[in-house]
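Presented below are the structures under discussion, each in the form of structure tokens.
You will see two complexes here that share chain A, one where it goes with chain B and one where it goes with chain C.
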Partner chain A sequence: MTTLAQGEVRQESALQPPAEAGAGWLVIAGQELRDIWLSVRGPAIVFGTSLLLSLLTYLAASNEELNIIDQRDTVNLVAQITMALAVAVILLFTADCLSGERERETLESLLVTPVPRRQIALGKYLAAFSLWPVLLIVAVPYIWVLREGEGVFADAMLGTLVVGTLLVTGFASLGLLVSVFSGSNRLSLAVAFFIFVLLLAPTQLPLGGWFGDLIVQINPMTAGSTFLHRVIVKEHGWGEDLDLLIAPVVWAIAVTAVAFIAAGRLRLQGSFGR
Partner chain B sequence: MAVASLTVEGIAKAFAETRAVRELSLEAAPGEVIGLLGPNGAGKTTAIRVLTTIYAPDSGSFAVDGIPYSRPNVIRQRIGVLPESAGYPLQQSGEEFVQYFARLFGHSRRSARETAETLLAEVGLAERAASPIATYSRGVRQRLGVARALVNAPRVLFLDEPTLGLDPAGQRQILALISEVARERGTTVILSTHFLDEVEEVCSRVIILNRGEVIAEGPVADIKRRAAPRTARVRVPEEMHESAVSALKRAPGIAGTPAINGARGLISASLDGLDASGKAGNSAICALLEAGIPIVSFEVEGGKLSDAFLALTGEVGE
Partner chain C sequence: MIRGGLAVVAMVASVALVHGASGQAVASAPIAASELTVVVSESKVSAITGDSFTFTSEIKNAGTEATPALIANLDFVAIDGGTYVDPEDWSAERTQAVGPIAAGATATQTWTVKTVLEGDVAAYVVVLPAPPALAAESALAVSPAIQMHVEEHRALNPGGVLPTVLAVPVVLLVAFGGMRVVRRFV
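What follows is the complex of A and B.
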């Protein structure tokens, strides 16, 4: 390299950067996918899910004494567990994605790249979302083994795919939203998980009366769970309970829109919990 | 002077009641290394964060390579930054890390690989490129951070306390690297630091901040002369004090009338500091010897950037 006098500008460089930054979200998503799937985290989650579903399927399929619930109920249970697990895990991943960078002091280096804030969020969001199709595929053999009667397998898979995708979309966005504003990773994870538990709890409660019906309709978790139960266990047609999909659809669209609007205002320091 | 690569006009930034930076202005040419000095809480990091588009200025404006601050994404294409507390993904290798950032700046896979290879060799990390960052010492991580900050061949490089926590050998390596980047690439370097020796060694100009305010600005030699004039302390036999004062008064380069400190038997004479080579001191010694006055001791105090810094900021010491 030749030495330049002060004030001179090098005309040619072996390291000339491209005039414009490319699709930064794609680069970030690629890196995050490697971080998830080529490390312990992704494979461990898949292994843990497989173990849980194996145990459940084994008990349901082989042990007649313990097999106290109907096969359709068991298929529904596998679908519901897969969905809830995916929602919880992906929520925690997205809740960590920006506040974690803040805490590890790697966010500033990312913010001074020409990648727009929303693209940074999108890359991380998509990488976390990749867990969902993988966990759904993990559930396929279990639902296949437990299926009983014509059409159960198809209904269970399609229902889980639709409801799960809506719920995962909304909850992943919720995690992202909390992460955009949280100054501390612990707080981000705690707030996101608290909201998840708050919405999940009613699915385990005996809800009745007009108030119970209202909760089922407006809570995306209960609405999605009830829809899946009616399709798989009660053998309802897809058109019969479409109103139950309103809450998950609204949830997915609204939270995602708010999260990505907020992501445009991503700052070095969080707004709360510093 | 070539077109300024960085122009700053009166930027200010406040957080609630705290005015972190007030009316900072500067103009930097390509290849120039400017030191940003100041005690803790002086506003150095805030100033850098404003200039690197992390914070929006409350008032004032700046432009990098002619790009106004209202276009932050374009400015980010032209700057390189090593933040004060830069974290690293410990599981990644050095080359993966640099390649990743090169890709974020729009390099193709192949170009990112070549860029990483070149830069890691330039910062002396070619042999450790494949090792996980977790195995790097702090000094090696800082060099990696400089390599990362250069992936886009920046016009302006911002380094916030790049030698903090490094041993002397590590500090020397980073300083050599900074000088090389400015000299060989024509990159403007804004170096924020506490370490005054570093500024004297690599910076052509210095800006001293205190409580968010610029209290001195200019070439290092000027700052030293203005804020810390050199003083000669001469000890001669007591009976020759008067004739020594007369001789010193006539000597070129001595400013004002030398003073006799009776209690310590020392004569203090202000060297005008116009020459950095110490000629005023030489002429004082010559004048005394020519007058036949024996010199018991002769010391020159002041004239260091650290003296200027302490005088300007009122700090007890860094």
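What follows is the complex of A and C.
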């Protein structure tokens, strides 16, 4: 067994070539998927999400104050909550994926396997990402039962799929990036969640003027949320507000690229928070 | 020197504006309130919260000349003293543009009202001339009020969502529970 000094980066090619070059991430992803879906974690999150969406849907349909809300607004609310919940949960999963292993002292055994570091990160990333399509499928019956009017269901599902996938991609990568460098799991979760809240908060603020417009355009959360609102509630065509997808696309590509570049420098000890 | 020149230009411009404004006012004199009558198709409505109903208003020009372009506006007021009324919640479209009405002719508008809160609320349509005919002394024509008595609607299955909100968590619970049981025995 190869033992590594603290903080030493293993040179994969120098020590031994990967046994199944290119397939290591599949092994890691398979193991992580089993860990998420065959344990209580994944099912509990999906069940909890369904309870939350059930409560929200029932309130939206019955509460006299919410009766005032237009049906399209209600569909938009369910879509946005599903998306925000998925982003938060997957962010926490990826923020835990490496710093958690480090804290539980299981990262070393993972690093000595003949799997390149980026593939370790990719396997864990994909396993965490698997929550997104499942949560989206859970939201389908709620959006279906609340829909009213032509095209609402298709607009809501397609809009949530596109915007949600972009945001989940970016935030999952953010969690991974923080996890690569964090020495402790607590720090990793706190930093990742703080950034999430920081970017989520403007969606709840009345943004106006040039500065508000700027925030809406450059913050991926506000841009994605505004895009969904315009497509579902305002019945805008997809081409009308494509500029609002620039921030989520840039966010997804840039953070993912940085996260996987950083994953290549994954060390046994974190860079900060030890 | 430059400042003096600007002052002269501003004076000339303001004189021109005053003449223009007075010319417009003369061209479209205020219509008399008595020349327009507004009637509505409902007088009393009983409903439950969440209901919607439509009614029509009819504006008749009893004068001898055509009216200018008009604006019809639907408004709401609580008559029980306690109900909070936000008009935009009660009707999504509360303002309609009405073209000039010839002497003796009528124009009809259709309105949709959603009774969102319990209580006693009155709705009425008010008609006023559209700009530029609108002037300080323009008379308004108002319809009789529609008295709405709204009672609270309590339903166990609002909007038919109950089966879905119960079934989805139950199905997931059974599916995940079943998976665990199968794994234990396989």
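We take it that the second predicted complex is superposed on the first by the 247 of 274 C-alpha atoms of A that agree within 3 Å, B and C clash if a C-alpha of one lies under 4 Å from a C-alpha of the other, contacts with A are read in each partner's own complex, and residues count from 1 in each chain.
The rule we apply is simple: a residue touches a chain if its C-beta (ideal position, glycine included) is under 8 Å from a C-beta of that chain, and two chains touch if they have at least 3 such contacts.
Because the structure is predicted, anything quoted here is derived from the model rather than measured.
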Partner chain(s) touched by A:Ser62 [first = chain B, second = chain C, both, neither]: second
First, second, both or neither for A:Gly24, with chain B first and chain C second: first
Which of chain B and chain C A:Gly208 touches, first, second, both or neither: neither
Partner chain in contact with A:Ser54 - chain B first, chain C second, else both or neither: second
Touched partner set for A:Tyr142, first chain B, second chain C, both or neither: second
Comparison of chain B and chain C by chain A residues contacted: B
Which superposed partner A:Pro116 touches (first chain B, second chain C, both, neither): first
Chain B versus chain C as contact partner of A:Val46, first or second or both or neither: second
Residues on chain C engaged by chain A in the complex (per definition of touch): 49-50, 86, 89, 92, 116-118, 152, 155, 158-162, 164-169, 172-173, 176, 179, 183
Parts of chain A lying in touch with chain C, wherever the complex brings them together: 38, 43, 46-47, 50-51, 53-55, 57-58, 61-62, 64, 67-68, 70, 138, 141-142, 144-146
Residue ranges of chain B in contact with chain A within the complex: 1-2, 29-32, 49, 52-55, 73-74, 76-77, 79, 81, 83, 85-89, 91, 100-101, 103-108, 111, 115, 118-119, 148, 150-153, 183-186, 204
Parts of chain A lying in touch with chain B, wherever the complex brings them together: 1-10, 13-22, 24, 27-28, 31, 35, 39, 104-106, 108-116, 268
